[in-house]
Amino acid sequence: MANIEYLLLFLVGSAVISYFLTRLNSFIGSIFTIFATMFVFVSLAAYGFNMNLDTTVSLLPWFSFSQTYLGFFFVIIIAFIYLMVSFFHPYFLDKYPYKNSYNLLFLLSLAGIIGAFYTDHFLQLFFFFEMIIWTTMFLIPQGKSREAAVSYFGFSLTGSVALLIGIFVIYQNVGRFDIQAGLAGISGTTSVFVFVLFMIAALAKLGTFPLHIWLPLAHGNAPHPFSPVLSGALVKLGAFIGILALIKINPIGPVIGAIDLALGQYIIAFIGSLSIVFGTLMAIKEDDAKKLLAYSSMSHGGYILVAFSALNGFAFAGGLYHILAHALASAGAFMAIAAVARATGTTKMKELGGMIHKMPITYLAYLIAIISMAGIPPMGGFISKWLIFQAVIDRGMILIAVAVFFGSVGSFLYVFRPLAALFLGQEFREYKHVKEAPLLMLIPTFIIMGLNIYTGVIPKQIIDFINNIIGENTAFAPVVATTFTVTATYGTLNAGLIALIFGVGVAIAFIIFILMKKSRKVELMDTYTAANFVHDEHLLHYSVDFYAPLERMYEKQSHWMKKFYDALAHKVKEVGKLAKYLFMSNNIGVTLIWILVIIVLLIGVVAL
Amino acid sequence: MSAVLLIAIPLLAAFISILFKKYSIYLLFAVTIFNIANVFLATEGIIIIGGFSPPLGISLLVDTYSKIALLLVNALVLVIAALNVKAYPKYGTILLLVVAGLNGLVLTNDLFNFFVFLEISGIAAYLITASNKKPITTFRYLVIGAIGSSLFLLGLIILYSMFGTLNMVDMIKEIALNNNYQELVLPFTLMFIGLGVEAKLLPFNSWVKGILGHSNTFSGPMIASVYASAMGFVLGRFITNLFNFEGMLLTVVLVILVAGIVLSDIMAFASKKSREILLFSSVAQASMIALLFVNGIIIWAVYLIIANALSKTVMFMIINKAQKDVGSDEVKSLQGLFANNLVIGIIFTIATLSVMGLPLLVGFTIKLNFLTELADAGQIWTIAFILIASVVEGIYFVKLLLKLWYPEGNLIKVNYHLSFKLVFAIIALALLTFGVYQAPLDKLDNTVDTVMEVVNNG
Amino acid sequence: MNSMNNIERVKEIVEKVAKVRKFEQIDKFQIAFEIEKNDVHQTLSALKLAGWKQLSYLSAIDWIETSKFELVYVLFNWDEALYIQIRAMIEREAAEMNSIISIFPGAKYYEREAHEFFGINFPGNPDYHKQLILENWDDIPPLRKDFDPSVYSDRKFPKREYSVDYSVKDPENKSFEKIKEREKRALSLRTGGQKK
Amino acid sequence: MIVNILVGIGIALFGFALQTSIGGINRKIVGRLQKRHGPRWYQEFIDIFKLLSKRGISHGWIYDFGVIMALGGIIATAMFMPLTVDIVAFKQFDNFFIFVYLLAVGMLGMAMSASGSGNPWASIGVMRALTTMLAYEVPFLIVALTIINVSDSSSLTAIQAFQQTAGNNWFIIALPLGGLVGVLSLMGMLGKKPFETYIAPAEIASGPMVEYGGKQLGMLFILHEISVFIEVSLFVHLFLGGASNIFIFLIKYFTVYTVVNLISNVNGRFKIDQVVKFFYKWPLLLAIIQAFIAIYLGWVI
Amino acid sequence: MKSTKFTPVPLTKAETDKKWWEIGDFFRRNSLWLLMYCTGCCAIELPPAMTSAYDMERLGMGPMATPRQADILLVSGYLSLKTLRRLIYTYEQMSEPRYVVALGSCPINGGIYHDSHAVINQLDQYIPVDVYVAGCMPNTEAVMNGFVDLMDQIKHKRANGWKKYHENYSWYKANQITSLGEVDVHDEFHE
């Protein structure tokens, strides 16, 4: 019987041990981290599924833990992503300035995550949140930029501060810090206040529209093995708070007649759709592969928000399914890009091309990840998007539907850009020596590929677990699902059948291919160039400004948000300088004036 | 071993140490160790000196609150003096004066006597800041300090004229009888401003930028942690017992304090020099402490004073030592300070994280608890402002930390003496253990300050 | 502003700068000066200042009899409609002419072409010797008069004789003589009357 | 299940044969339009089989795998397509979104093998194809949303049945603006002249197909025929009330394809950003207005 | 008396291939795609061939953009050295079986440029040519006739220029090298 408290202490202990082990030799340290995360994941999976983790507390008396299906759903996904990514550590750690602290902070943040999702006390939730924030904040600058870590910390801190103020507002009204009771206990204007504060926290952590500046910076510049964790796992914390705010608190504001949805929920859905559109447009324009995937996580965060704010059983199930599918897909994609970056040293699409010839397995991993990310049938992304579409259509939210459809089609565009610019196209001379990623790195890629397909073809087990969550947290009807099919308001989707028929189609095409004559092998440079003799691969590789005509249309508007936040920071500095001038001036007279002002103020005030 | 020795011995030693200059610093060590020992042995309660009855005679009040203050002040002075024994050997006598003055401040129950000790410690402070080699800033500090203490005296005189007694306990009894609060506003404001100047509250502390901005490894910690914590304790005692603000006065004081927190954090956000960042952060902490006392959260204010004093000593010492070796305290020029002294880096990070109030460190538990208490007191807007200020604080501290951790261009050569590392490691360890293991913090509670007890039952 | 006084104006400019060996008015809008080889640079810069900002063309003519190359610089003025040709004779053996890139940067490719087709060297032009139009040329510059293209054609391009198997009704009809006559005339035309 | 699969394959084959012959007939009609004879009606068959008989070239395994995956995806989509209300391979699984997204698999396969061929023109062609898809897809899906919301099911057979029931008439009449948007996006989907930016033979040497020859090009022609069959029959089922028996389906199919083909033959070709600007101006606006009217105000003719 | 019962005679591998090849020939000759390599002045004859006057599409023929897709390489007019180099590169890029149709007299014997240093005299020294259409700019009917001849040749399995190119590849290459120096050329503009 695994005890949550022992797991936490085990993690903190193994974090310290891995610190010293990595000081010895980074390979051994990383291997130890792999085993530590594996132990945690296995014990969570073994005992967590049927909810019999022991939550008694002996060594740390002021902590209190409780098991919920919702919490377990998040923990198992994030722990799985941590395990998969830890396989990458042995090969990446030597390049980082403070490599021995890397493993320490990695395991500490995992401990924070397990704690955050297993606690039922608001302050402990905040305790673990803050712990996750500052541990991950120290991991990001090991990559390329310091500014990314500062903006990540700034936005996450705003989020968690809003969360804390919300917690205290609840405490003031309900008098207790219990999560379930607290959220249920509030109503009227305080629930609006708490809803707004919790949504700020959710938007900041999810990296959706208004508070998304840190997302591309942090994911783009984080160390290569850490961005899958950042986008696959840590973004999901925001989703968790989003669920608390959107589902647990009863709907906010007047109900809009046409789509009978509360106004608060509709505003969040609108923000979600804004972030889908904005994320897609920015991703189409992006040249750095990791920043592109960051913007895609932003747009998928928008999907999750739309799903949870649609207040519909299928949308809620679709949202949870999407969290799982997106976590796997974006982790897979980021890991593929990390493998490429390790081999070539850059993630810029301008400098890369033709990676498929040297790294075919990484290519397959990336292909399956983006098929799921774009929501195309055989993979998990399609089922979750299908469920969300059902809810959006059922409610008839037209503007949200425009954004959701734009996002699903646009995601096809920007996921294809790295595929074409990075993997396909001409093979550059300077990457001739590049070899496929080592075996230890391929294990997680294979596992995630398998899982992507599994979530796409057999939705039953996942839908059943989601039904537990629905039963536990909401009053919606559970989603009916047999082994291969999922039924929603507008008809059933037979995922297994689609995969089977797809297989049949490919078989037919393969037969046609085999019957005909064998085609002549021709190397890549021998292409039709209107008979010009071109000898340099770079001239024949089309990857810079891939969607140039599309990008030109919204070139100017794409920097508004960044300018807004820079201006905000600048304004705060201005106020600081003004205050310094007012209060900290060098001549003593100013202080005297302030003293007199206060005295006169008080006398005047009291006397009147 | 009555508490009077805590004041008498240092004074006596101060005069003796003038005779043999070289050994004055070792005399200081002896006196502070004696004081620390004496604090544990001292008997609690009111101590009358010279047999005069309350309205005239000088009396001391000893309770756990003042014991904690004494312990903190003497320990810090010992540590700081020990660490700077090579750099600043000749400050033995002045330090003895400091110890005498601050002990007096904390212990005295007689308001006029409080003013006297305020003057003694002020003079000692001016002499210490003289070591900054920046006479203009010390002069500015001297003038504002003098104004502050004279305002305090003016307030005291008004009170004396109204109630005829100088003894704090009697004064509180008299005030309790007098029902007209209008008259008390003027003296309380004057005394609050007088103490505010010394305790670095926002509108009155323009001297802090000059003093701490050009501080060194000796004057920085002394002003930023020893004096700050002493004045914090004293201000706390006055606010909770004497002033008990109410009505319009309370709102104005609250506005001053909250504005103090938010504005000083924003000023820190806007400053480029690392020492300026630290000094504005300590100004913010001072206003926070005063705010807690105003809301009657005594025990968490005490812990905040202790934690802030310890972390500020560590941070000021590290930054000042680096500034001395590098020459300028611009954050750009200190870039990559921790690249090759890792231990110091970890210690500085732990101290900063504790000041910011992040988990696993004592700062977090303190912040969470005093916010809960504020929530109990129904002050949601104050919580909101404190937390918004903590966001700004978080951002500028993280910017500072990341600049210090990650070098750009050539590495700077700063080495710290082993003693530095040892002492700071102990402090950092304390911050960490009390962050994780919170049981001991819950042993004490608001009854630490027994002034009201003494007032009620004689 | 008719072109007559323009021509007078141009004549003065050129006479001031160079010794004009021959002046010729080709048509209403085109005049030509023949000057010494080493006056070319001054005249070109003078005319450029006067408004003839564009070097329209630079070509060479191979006078094989007097073994001279004649370089023709054609200048064009956007404001007044008047073409000016500056002609200069240079030696045919080891022909050389200082490059005018400093005056007209556009001349870079004309000089390269002149070198490729005539073999004239242009010191001062950094890459005049590089290949521009002809690829892998392995014979003397083709536009020289002493180069015979048909010899080159027979040498380089493999040829097979077509079997003449077309049937003609009466073998003696005059079409044969007509064809032979036409071939002889074409042959004389092509070789400039040298070969009978 | 095997029977359904065989029926599906039959439908896919029928679709291929139907579209290829109708394509041939249309080439003759266009010929007649331009006062010339035009090819035989089975010319498209001959072209395809000629291509399959030639020995093409291959640029590596992704070049071939992409084509196989593309054709496989498109055949799979065609297998789901219902011909009439009762001729359908998988009774209640012919969901509308399967067609939109399995077409995307076909598109992805072709795009992958085109960029895998290493020719910059192919990548530019793929980029233009994806951008055009982004343009015409969103208005079409909004209209589909209205149709699904009104007919209360997303399975094509149910939508057909809804339109064929006595009370209500075809969606092209019931939702007039939706019908107009449907036609425009159908032309975008088919890649017909005004929106034929990605097979622009003059500009980018037939776009993605630049490196294909022999059997790969043959397979891509089959893919093109079957995808045209899917798109046109999708239009027929969504807007023209599907068909109760096969002959009505043939007639409707022929009229739709010929009308679209004739429109396309009198049009020039848009630039790629004009296509996107056009689709995001009028069709999207009409689709939203139609959705607003149909769902909120309930005015369905 | 031969038995009228139909007994299937097992065909050998070669016979089945031949049988398939004949069927393939039917398709190849009824859908000939042109790669219009408009080198010289004879190219002006093709628009009328495609438009309503002569309508090439009747024969199943149509213009194609790239050599990979085309069956016929249509050389219309004189071939300078530089164009020949590109023509050979394009010819080798075409998918097999491929045919070459040469319009005008220039590919036959150099035409009016027979004595020029830049224009080659006989095209079939460098690549195998299946159909010549003589005439210094042959009439459109002549061009259409040429195509019909090609279809006829395919029918009777005589249009195997591409096989000849493989068989005496070295001879063709030798001729190309003598005339062109080398086929692949590096110039500063495409480096």
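Points worth noting:
Chains here go by letter, A, B, C, D and E, matching the order in which they are written, and residues are numbered from 1 within each.
We adopt the following convention: contacts are C-beta pairs under 8 Å (C-beta built on N, C-alpha and C of every residue); 3 or more make two chains touch, one makes a residue touch a chain.
Since we're looking at a predicted model, the values are computed, not measured.
Touch-path distance (fewest steps) from chain A to chain C is 2.
Shared contact partners of chain C and chain E are absent. Counting hops only between chains that touch, chain B reaches chain E in a minimum of 2. Among the chain pairings, A-D comes first (most C-beta pairs in contact). Compared with chain C, the chain whose C-alpha mean position is the greatest distance off is B.
Overall, the chain located most centrally, as judged by its C-alpha mean against the mean of all protein C-alpha atoms, is A. Look at where the CA atoms of chain A average out and do the same for chain D: the two points lie 35 Å apart. Mean C-alpha position of chain A lies 58 Å from that of chain E. Chain A and chain B have Cα centroids lying 44 Å from one another.
Note: centroid distance chain B to chain C, computed from Cα atoms, is 97 Å. Residues of chain A in contact with two or more other chains: 520, 528. Annotation for chain D: residues 53-57, 205, 210-211, 214 touch two or more other chains. The set of chain E residues that touch two or more partner chains comprises 66-68, 96, 185, 187. Touching chain pairs in this entry, ordered by label, are A-B, A-D, A-E, C-E, D-E. Touching chain A in their complex are the following residues of chain B: 136, 140, 143-144, 147, 151, 182, 185-186, 189-190, 193, 197, 202-210, 247-249, 252, 256, 263-264, 266-271, 339, 353, 358-360, 364, 368, 371-372, 374-375, 378, 380, 383-384, 387-388, 390-392, 394-395, 398-399, 402-403, 405-406, 438-439. Listed in rising order, the residues of chain E touching chain A in the complex are 66-68, 86-87, 89-90, 93, 96, 184-187, 190-191. Within the complex, the chain A residues that touch chain D are 258, 354, 356-357, 360, 363, 367, 371, 374-378, 382, 386, 389-390, 392-394, 396, 398-399, 401-402, 405-406, 409-410, 412-413, 416, 419-420, 424-427, 485, 490-494, 497-498, 501-510, 512-513, 516-525, 527-530, 540-543, 546-547, 549-550, 552-553.
Residues of chain D that touch chain A in their complex: 5, 8-9, 12, 52-62, 64, 67-77, 79-80, 90, 92-93, 95, 97-98, 101-102, 104-105, 107-108, 111-112, 115-121, 123-124, 126-127, 130-131, 133-134, 137-138, 141-142, 145, 148-149, 152-155, 158, 205, 210-211, 214-216, 218-219, 222, 271-273, 276-277, 284, 288, 291-292, 295-296.
Interface residues of chain E, counted against chain C in their complex, comprise 81-82, 85, 109-110, 114-117, 120-122, 125, 175, 178-182, 185, 187-188.
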